[in-house]
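In the two assemblies presented below, chain A is common to both, partnered first by chain B and then by chain C.
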Partner chain A sequence: MNPTNPSTAASGPGSGKTASFMNARAYQTVKRSVMATFEDGRDQSAGYQPKARVTERYRIIGFISSGTYGRVYKAVSRTSNPEGIAVVRTSSGLTPTSSSGPAPIEVAIKKFKPDKEGEQVSYTGISQSAIREMSLCSELRHANVIRLVEIILEDKCIFMVFEYAEHDLLQIIHHHTQQPRHPIPPATVKSIMFQLLNGCQYLHTNWVLHRDLKPANIMVTSGGEVKIGDLGLARRFDKPLHSLFSGDKVVVTIWYRAPELILGSYHYTPAIDMWAVGCIFAELLSLRPIFKGEEAKMDSKKTVPFQRNQMHKIAEIVGLPTKERWPLLPAMPEYSQLSTLSTMQHSTHSHHHHHQNAPNRGYPLSSNLEKWYYNTINNNSGAGSAASGPNGQPALQSLGAEGYKLLAGLLEYDPEKRLTAAQALQYEFFSSGDRVSSNCFEGIKVEYPHRRVSQDDNDIRTSSLPGTKRSGLPDDTLLRPAKRMKE
Partner chain B sequence: MSPTDAEAPPAASNGDTASRIGPHPGYISSSNQYSSELKIRRMLKDNGCDPAREDNYRLQGVQLIDTVRQHLNLPVRTFDTACTYFHKFRLNFRDAEYNYQDAALASLFVACKVEDTIKKSKDILAAAYNVKNPEKPAASDDKIFESPGKIIIGLERLILETIGFDFRTRYPQKLLVKVVRSILGPEEGKSFFNIAYAMSIDMYKTFVPIKRTTFSMVMALVELTARMTGEHLDKVQAFVAQRRQYSRPAVLETMLDILDLYVQYHKSTNVGAQFDLNRFMDIKIALNTELEKEFISRHMYYCNRCENEDTPPATSGSGTSPTATASSWPGDASMRRTARGQDGTMRFVFDPEAAREEQDTVAQFYNEEYEEYEVEVEEPIPPPRYEHAEGGGGRGGYRGGHGHHGSRDRGDHRRGGPYGGYRGDRHYRGRRYH
Partner chain C sequence: MSANYWESTQKRYWLFTKDELASMRQKLEEENTELVRMFPLPQPRHLAIYFNQQLLRLGKRLTIRQQAMATAQVYLKRFYTRVEIRRTNPYLVITTAIYLACKMEESPQHIRLIVTEARQLWQDFIGLDTSKIGECEFFLISEMSSQLIVHQPYRSLLALRGELSLVDEDVQLAKSIINDHYMTDLPFLCSPHTVALVAILLALVLRPNSTVPGQNSSGSAAAAGLAAAQAALSQAHSARSGQGGILAEIPSTPDVKERVQEARITRVQHFAAWLAESGVDIAAMVDATQEIISFYECYEQYNDKLTREQINRFVKARNLDK
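Up next, the complex of A and B:
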């Protein structure tokens, strides 16, 4: 039905070499079928064929965001039931209905852009990270991990359909920085942390490392359920063939990157996710990334640079790591860089005010984290006592010493001593004080602003990917460092 | 169906036929990890496979995967996955639509991504080429690999479709090591293990890996090795006696499948050449005797009635009521995927329960009900081709009739009255066999 349509000479068995390589007769057949694969059904003999098949099932509301992988759209299902069609039985037969059923189901559709092999921009099939994400998501199921509803395969595109979450932590944090700056209520912080750790514990006990935990990837539904999202960088760690490092050279967005990664560890563990959780916890309290370093770019040879500035930011607050606190520290490939860190820090930041404890090194010998924590919870609004608890106390004070213990346990240098998700869930932080709610918005009267869905680019069909970024957000905390890079 | 139709709210009033219900929700697919022998045969039949050629392509394809992966120093688990995808792919597409070598290499290409041993398509093609032409090796950036590279990538999509984005496969070798060690100990088991391991590679030339669990595969390999070498059969049996998950019918079927391979294709296997053909025959006879004694059928979940009755609409319906037959066999022939049928959207649902529910609900809309009444008509003598297909039931004859039907109906199924049936496809969902 589809006549041979070799629009290009792409698959012509030109050389004798090729002809010997393949059986010539079968080759012709393949040529035809493969060309059809690329033809996208344009020249189907019988007139117009709709291409937008995904749109028959989902109505695209708008564009949410884009990344290295592709783009994400918000959509609603055209049927009113996610896995079935609402049906009304009438005397005259069966009629599907969209009016009397429940509200249409909202989803987030992730459209992968084709992978590139080498420099030239030609379609080279599905990317390995897409395969990883699909194989993981299709097997994982947990209340605190975003659920994959289905995968839709079209002529040239692959769509992953996820359950929709109205908010994410980045958005929520951003909302609280808006004037007047007001802290996230402690009950919300607690609930978010509990659910986040719960999701992590699920992933880790199932041998999955997330490797890109950051506020933007932690979704929150309008019902206050926290869902870990974007498993595009996640992988199993139970039986790696190579060290994890050799697979993807750079993992985790720089501000949330664990010290063992910065120091070039060849192998790593779920502890890297727990460091990121610690950073997220700190950010929920202070509304700023706790270690906001500048990323050193890869040079032209694609060697991974030492992230000096990030290490510096960490050391400023928790002190430089020592052999005593982290016995395996000298075994780290980039260990020698640590000594250069203090000298550099002297020359470029000599005016810095963190000198009092160790005038020769420029970093506190012991951790300043406790100080940071109490400063934050006592003075968390930035607007003085504008946002206070019921008794005139700054609201976050109720998190108390338990909160510090959790934070310090998560931001522990030695990955072996760092809290695991299971341990963290047992902390008194969660068992003391108010009961942890499974709805992190419980008791909050105002509703957070909804996810920004842009209308100017809601054509899920466009194959070109203009350099769209998350559209203009005023606060600098939202200017994320450059996207993670892969090998 | 134009986009505006799709936009329009479903209404019974705007059309006089069932086809106006609304947009067809697309073809749903949930993966299935296991297939029965019956289902495999049915799928091969529907593809119009010539049995002898089918065997050849299967053996040579797996052989190609094996040599290329060894050339590229890829681990056995990549091989396992590649072969599994290759088998599944071949069950879903007609031989005529692709070159088996391309399919084998494309399967390896996908497997590499899945197993974290990523290779570029051209690296794989170059390896395949260099294995064949060791005297004049070519680099992977050679121009000759450009167009075949595109073919591999084109086939990749079809492989994803075939496996339904379920990337899971089984790796029997790992369990094999453990079982042999626990039966014989690490030292004594070595030579035994070498044979069993080679046999596990041979096993991928059969359909066993898409039929059996890891444990059944391993126990079949171990017992067969014991029988081949004439050693340790008692220990194996003692080991088996302690395992509650052991299924004798499954293991028997698997051993016989592997033996069939050795008997028929003695030369194109690793282990076959190491033993006398008579030895395989003797074991086969012993196992068949066991089957008979225990009243176990050669294949599990087999049903002779289905096998015989299982004639497709093109042949079974004869000429009288083509529509009725088509609907009684929903979405079979006209909905068969072919390598050319790229136009439909496929959906992959991961919750089988949900998929089933949706399928049942949707089916109600596309199910046509007929009132049966008898009318006497003069029936022309059907063309001999059909007679042959129906009467003979041979694969060749069947192929003729079916091929005709498929090529005629494909392509206009979406416009055609009532959506050409719903793809509740037996081949695909694999739930209805018994």
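Up next, the complex of A and C:
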């Protein structure tokens, strides 16, 4: 039924080149292939008929990223009010916008990968994680959570249309690591943290765990609004029929994974998100992940391995957890692993440039987090000497002791003592000093690079060949630093 | 909101007045006059009873949790406010509603298993092809505008259990009334906690010896229950507006052991007093009580065979099972 598009060099698997390397003709071919992703496979036979078609409503600009779930495209609405379209049904021939109307709305369209790949995609039932994301995003409404515009079910594919955000924290952090390395301005850090916590508080008071907070999933609009994105792993925790653990054994990208998860806790809580927020805060200050462990891969029996190296990285900075500080610690399923950890040698020492606080063997008995914090804000190990405040001091120094209190409260071992989002928002960190702006870019001169949108969609119709990765910043956080260097 | 009914899509998009609901249904009929003429169907309540029973049959085979069953019931109801029944294969829609609700309520069932079990029940109407369920799932989600999170009255019931000193028997009875309310329009007409309160009220007053409503309650018992419920509500109402004095004895059915009866009357009075103190919309409760009671009366005229035949006729005649 669908004529097979001829495979071109640029669109064939494995080419992986960006648009800039292509000649104009190849570019056009690929551009068409991006469009084809949305136009293919129309099934005019009986059965489910979509109420709307993606390409009728949106003009696809290009490809943003891909992941295990599918792919994300940038697009603009063809009418000026995407939410009103249900009422004002347009014909497909409509031109983008009349000059009198408001500007077309930019969106990010997440296309879920069909379960089976190939020409003849059939309905196989929607994955549970897609159902979760669709249902949660339809309910959530908050300034600091990415807004769903609509969901279009068309040609056996799910398209989730979100408001567009020009930046994300991964991009922003990356920008500041560019030479000369310069810290993120303290007012920006404060505003980002405030908005991030605000979004978390909203999610948590509404019984939603995000479970995958990390810089790449925190969007920032060009107006400086922080939006928590990618609720692909999010879940309600208000009425679980089963313990949350039994559903998905592994959650949260390793560097941001809370200690109770590493220790195999069966019952986890919003505190896991708060640990991740603490890690993000630290990363905003130092511009590198604070606990950059190496992930132990699942073995062939699919048993979940103890993430020894990640636990080691955490213990290096905040010390090993003790049952004095964390009374329920001995009840953790992987508790026994901790004792084997303390005898471990410092095999990964070279990864830490000049980590004065890490002992050669064993771990600090008390936390070194305070030293880590002051070293970072005083630029001893942090963002480099180019940064200085109005008085010639390192810029981040203005965050002061309040910043440390917030960080320590978030990176607290005991999940019951760890700050909740609501508590964190009450911290002096936000009430002291300058007013926290709702625009995290307020008063700064830096112009962050825009999100990379490429025409390089090297796959036409299944749009999810194995091994394809986002063309902008790599998706896989473990590979992140390495990939970055190459770019 | 996920856990906040007041901000939910359920409240924003799926709560209607009786008139709105009626005009939505009328519009569907007007768009399908020919079909409606060719394939007469029993009254909507009887259709709802039939669908409910079929849904429960499949749920039982698969041992689906009550929470998922309740969500499936709501999906089915929502879908049929948007789509003319005669354009669908209700057995496929029922199967799909369960399949989707199980995923939504975090107790997924394999699509293959669901199809196998559904075929055991309705082999003339459900094929082996699982992609039919997958396709119908798109249809369901699309008609429900992806608004899949449903707030159910069971939670309010359990939350109020202690506060209202309910005994197990009350809770069980209230639960079965909640189960029954999915056959009425109440899920569209009032909030889940209103339904829960009505169920509690009816559980307390409508107690002709171990008769479970919806199964074989008699019309006279229902009428007596309605009278009792209304008495309790009007007392609560007048107590709130400062006119009420001491709560009068609630009318009750005679042939029950006296002490049990007294304890129950105490709970009814306690409940009425609690209602008077609370900010609950008593008028809405009165309406909902009437809706349930009249449903129970209507239940007695239900003809299972006729209903099944009329449904199966249009499915077969229109090849909707293919």
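As a working rule, the second predicted complex is superposed on the first by the 366 of 487 C-alpha atoms of A that agree within 3 Å, B and C clash if a C-alpha of one lies under 4 Å from a C-alpha of the other, contacts with A are read in each partner's own complex, and residues count from 1 in each chain.
Basically, a contact is a pair of C-beta atoms (placed from the backbone, for glycine too) under 8 Å apart; a residue touches a chain by one contact, two chains touch by 3 or more.
Worth saying up front: this structure is predicted, and the values here are computed from it rather than measured.
Chemist: Taking the superposition as given, does A:Asp238 touch the first partner, chain B, the second, chain C, both, or neither?
Modeler: second
Chemist: Spot which of chain B and chain C makes contact with more residues of chain A, would you?
Modeler: Comparing touch counts on chain A for chain B and chain C gives B.
Chemist: Counting only touches as set out at the top, which of chain B and chain C does A:Ile126 meet: first, second, both, neither?
Modeler: The answer is both, since A:Ile126 touches chain B and chain C.
Chemist: Per the contact definition in the header, classify A:Thr68: touching chain B only (first), chain C only (second), both, or neither.
Modeler: A:Thr68 sits against neither chain B nor chain C.
Chemist: Contact-wise, after the overlay, does A:Thr55 reach chain B, chain C, both or neither (first, second, both, neither)?
Modeler: A:Thr55: touches chain B, not chain C.
Chemist: Contacts for A:Met134 in the overlay, against chain B (first) and chain C (second): which applies, first, second, both or neither?
Modeler: both
Chemist: Between chain B (first) and chain C (second), which, if any, makes contact with A:Asn206: first, second, both or neither?
Modeler: second
Chemist: Please identify the positions on chain A that touch both chain B and chain C, taking each partner from its own complex.
Modeler: Of chain A, residues 48, 50, 123-126, 128, 131, 134-135, 138-139, 151, 153, 235, 240-242, 247 contact chain B in one complex and chain C in the other.
Chemist: Note which residues of chain A are touching chain B in the complex, please.
Modeler: Per the stated touch rule, the residues are 1-2, 10-15, 17-18, 20-23, 26-27, 29-34, 36-41, 44-46, 48-50, 52-57, 78-79, 82-85, 87, 92-98, 117-118, 123-128, 131, 134-135, 138-139, 148-155, 158, 235, 240-242, 247.
Chemist: Chain A touches which residues of chain C in the complex?
Modeler: Residues 1-4, 7-9, 65, 67-68, 99-100, 103-108, 111, 130-139, 141-142, 145-149, 155 of chain C touch chain A in their complex.
Chemist: Considering only the defined contacts, which chain B positions touch chain A in the complex?
Modeler: Touch list, chain B to chain A: 1-3, 6, 9-10, 12, 21-26, 75, 96-102, 109-110, 113-118, 120-121, 128-129, 132-133, 138, 143-144, 146-148, 150-151, 153-158, 160-161, 165-168, 339-340, 342-351, 354-355, 357-358, 361-362, 364-365, 407, 410-412, 414-415.
Chemist: What residues on chain A touch chain C, complex-wise?
Modeler: 47-48, 50-51, 122-126, 128, 131, 134-136, 138-141, 151, 153, 156, 205-208, 235-236, 238-242, 247
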